[in-house]
Amino acid sequence: MTVQNGNSETDIVVVGGGVVGGAMALGLARGGARVTVLDEGDVAFRASRGNFALVWVQSKGLGMPDYAMWSRRSAEQWHALARVLHEDTGIDVAHSQPGGFMLCLSEAELEQRRQTMQRLHNQMSLSDFPYEILDHDETKRRLPDIGKDVVGSVYSPLDGHVNSLKLFRALRDASARRGVDYRPNCTVDSITSDAGGFRLKGAFGEIAAGKVVLAAGLGNARLAPMVGLDAPVKPSKGQIIVTEKTDAFLHNPMVTIRQTDEGGIMIGDSQEDRGFDTVVGQPILSVMAERAVRMFPRLAGLNVVRSWSALRVMSPDGFPIYDQSLSHPGAFVVTCHSGVTLAANHVLTLAPAILAGGLPDTLDAFSARRFHVPAHA
Amino acid sequence: MFRLMHEAKPAEALGFTFDGRALTARAGDTVAAALLANGIQACRQTPVSGADRGPYCMMGVCFECLVVIDGVGNRQGCLVPLREGMRIETQAGRRHPDGG
Amino acid sequence: MITIETIGQVAEHYDIAVVGAGPAGLAAASRAAELGLSVLLADENPAPGGQIYRAITTTPVTKRAVLGEDYWKGGALVDRLRPTNAAYAPGCTVWSVAPDEAGGFELGLSLGGQARLIAAGQVILATGAQERPFPIPGWTLPGVMTAGAAQIALKASGLVPSGRTVIAGCGPLLYLLAGQLAAAGANIVAVLDTTPRRNWLAAIAAFPGFLRSPYLAKGLKLMAAARGRLPFKTGVTALAAGGSDKLTGVTVTRGGASETIPCDALLLHQGVIPGINLANAAGCAQHFDTVQHCWTPTVDDWFASSIPGIAIAGDGAGIGGAESAALRGEIAALDAARRLGRLSEAERNEKAAPTQAELARSLRGRRFLDLLYRPAPQFLAPPADETIVCRCEEVTAGQIRDTARRLGVTGPNQMKAFLRCGMGPCQGRLCGPTVVELIAQERGVSAEETGYYRLRPPVKPVTLAELAALPPTDAAIKAVVR
């Protein structure tokens, strides 16, 4: 697989081979396009290897109701995506939607969550976004293993999770089966356009394409301006702990704790602005471990077998950026920090729209133009 | 599978149990060595396929000698010195959350 | 030497923390303590000596000839440490090394089920070697062990395999072990030598060096002793361990013909490689050593790693054997003392000169052995698809090849994400080299280009309760509680 053709051409180039790029490539290939993915190599920031694997709805969209709707829609479409991936590859990505909890360890935390949920739902009619605020006793009735320090929780039946590494592999595998030309170690240095489309160049050589979809995570900040787009994304560091495999006992995902189908307990999720530093920091691991043990005291004796840090791809307001270039028709940017939750939309809605010509009006709110609105006097 | 060589220095015998069986081994042995000395080859089943595994490297690297010791699961038998009265059990697949 | 029994007895700060109490660690700790520096020597084993001098202070083996005179030399290393003020912590795992705000390092320790963070001005990693993985069909069956494991059982517990025993692989340790086990009364039914015949061609250029080496006399003696008495079979090109739930025999292929030898124990060995997990997780640069054919932390003449203040001494920074390890520990300690301002550069150089000369002598001939006993390709990258490569997660060679080829995986980190190889408790120690080899072979590139796992602390398991009990920082709380 080291083949790197000097020159070639294709219908669509997707830049980036993570979960977002993989989803776009699969969606485009399912629509019949000839797709080439240009990706980095083994060592890359690769948020797709460090995410928490939630398919999450409950807390999303404060400040942008469209994002709440978009997340919810993806959570619904996820059942179809899981089916498609299984049919195409035989891989069960362990998707489930049993409802998720946000556990709070103090009255202040719970109150803050309560207010956030109220503000979120005051934005618009979100009556079909069910959620409940639960006290300790009710939380304990539903999650018998919680500790006494859990004062309450927010629960939503819309929330679920998946095995995100299996998702990552299934996207790549399904793409390969549908003829997507995946090229690792192909960092794109420049993109130029002419009447016929785009030319992407790098140490790998050159490739021509009718359309370009930028799904390069943090790399989009550099690439987008080459085709008249804007993706002002910055890294936000998150750390995750994984324990040894243990009996299945956590059936619902939580914002900071979930059990994978393989049996390990994942504990997250910190957020730090540390530039591109990905060093794992012991103090944060300790705080995460301390909170996890207070939430579920029976976790205390489990061994930590791995930890890692990864960089989220954050836009200034935290919401996704979906945009099409006005100056360079045929160029698109897709960037978000919830590539797992939104994978279903990316495969089943966004990619078909791009093939059909352009982004639907319903995605207007996600344009990066929102960062350039002059402040009102 | 292993036996004590002739002319070994005498040592105190320590009593312990493995899956409830009363056994003895020499003071100074690690848990993994004590099991080998008692003819026990498989000390765990893997959490992935359930296959039997036994001590492989004896130096803390391979994590094949995982056992339950006094109720605490997934302990590296080759790094834990045997103590009188230890309750050692087969690590049967995944660890139980609050114990073996 | 002050022996530490509980985590509470460990001090807040040491001038030098040495990780690993094998020859390199013992020598480094002794030298540093003799220079008046405060020293912590942390080791996860119950007694000092590392693996080569395993149980040197406690072994029940009484017949000195069984283990050979080289083994007993380890006693002097421990004797040297005893009169010093160094703190020695057995059963103590170092699971993280990270820079601290004072310009030194913070070490995460775990002892007796409790974790602690302590500070050290300088760190010397003397984590030694591990046996190179030897992935053959059936190598996960109970009854199959590394040759080193059998040697540890012998040294530490006076145990010898009780049934029919087969020893297979290549390298000096294989012959040494065969001789030791035979002397201890084991029933060795076969010694299966996998040394590729063509290795002689590559090694012959390095033969003059070997002729002047300390290995020569030793090696010839070992070889002669083993060959004379034991049922050697050379030219072995394939091995497979057989049995359903435990080992019942080994199938061996030589000259195109196969036979199955019934046995109760199969001891595998194809050389040793540096144990790099702690250095890797600490962020020390590493490279692929093409002669020793393994990933190796990159160090300078003073065994300083790419991170100022972390030195890597002994086999952990390239295989050189026990004697060279002790000398390298000594040199690393002198340089650490210089970095701490205890010695001037001139003093360091003067004190190190004789040790450096001795080191050069001790390494003579090494290259010949490295080239001669380089494992055959089929024992580095198993050709049979069903061979388990990652023992923890039970990932096979076939899966790795298929994923490299079909899904365009170029390195072990992406392979780990896709197949879980290296995600288990051993953290890639038993699969990393093989995964790299398989990807490199599939893609037709070098191991160097393929890369290695990027590791993170904790490098050894530590419980959530232990982590949770460590002091938090305000910044950390802010990053988590939002």
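Order as written gives the chain letters A, B and C; numbering starts at 1 within each chain.
FYI, contacts are C-beta pairs under 8 Å (C-beta built on N, C-alpha and C of every residue); 3 or more make two chains touch, one makes a residue touch a chain.
From a predicted model like this one, the values you see are computed outputs, not experimental measurements.
Chain C has the C-alpha centroid lying closest to the overall centroid of all protein C-alpha atoms shown.
Of all the chains, the one whose CA centre sits at the greatest distance from that of chain A is B.
Per-chain Cα centroids separate chain A from chain B by 44 Å. As a whole-number value, the distance joining the C-alpha centres of chain B and chain C reads 22 Å.
Once the centre of each chain is set as its mean CA position, chain A and chain C turn out to be 39 Å apart.
For chain C, residues touching at least two other chains, in rising order: 424-425, 461.
Shown for chain B are the residues that touch two or more other chains, namely 74. Residue positions 244, 299-303 of chain A are each in touch with at least two other chains.
Chain B contributes residues 47, 72-74, 94-99 to its touches with chain A in the complex. By the touch criterion given at the top, residues 1-9, 11, 26, 28-30, 33, 36-37, 39, 41-42, 46, 48-49, 51-64, 66, 74, 78-79, 81 of chain B touch chain C in their complex.
Residues 96, 98, 106, 108, 117, 283, 403-414, 417-420, 423-425, 427, 442-445, 450-451, 454, 456-458, 461-465, 467-473, 475-477, 479-482 of chain C touch chain A in their complex.
Across the complex, chain B is touched by residues 145, 244-247, 249, 263, 298-303 of chain A. By the touch criterion given at the top, residues 44-46, 51, 55, 58-63, 66, 91, 130-131, 140-146, 148-149, 152-154, 156-163, 184-185, 245-246, 264-265, 275, 391-394, 424-426, 429-430, 460-461 of chain C touch chain B in their complex.
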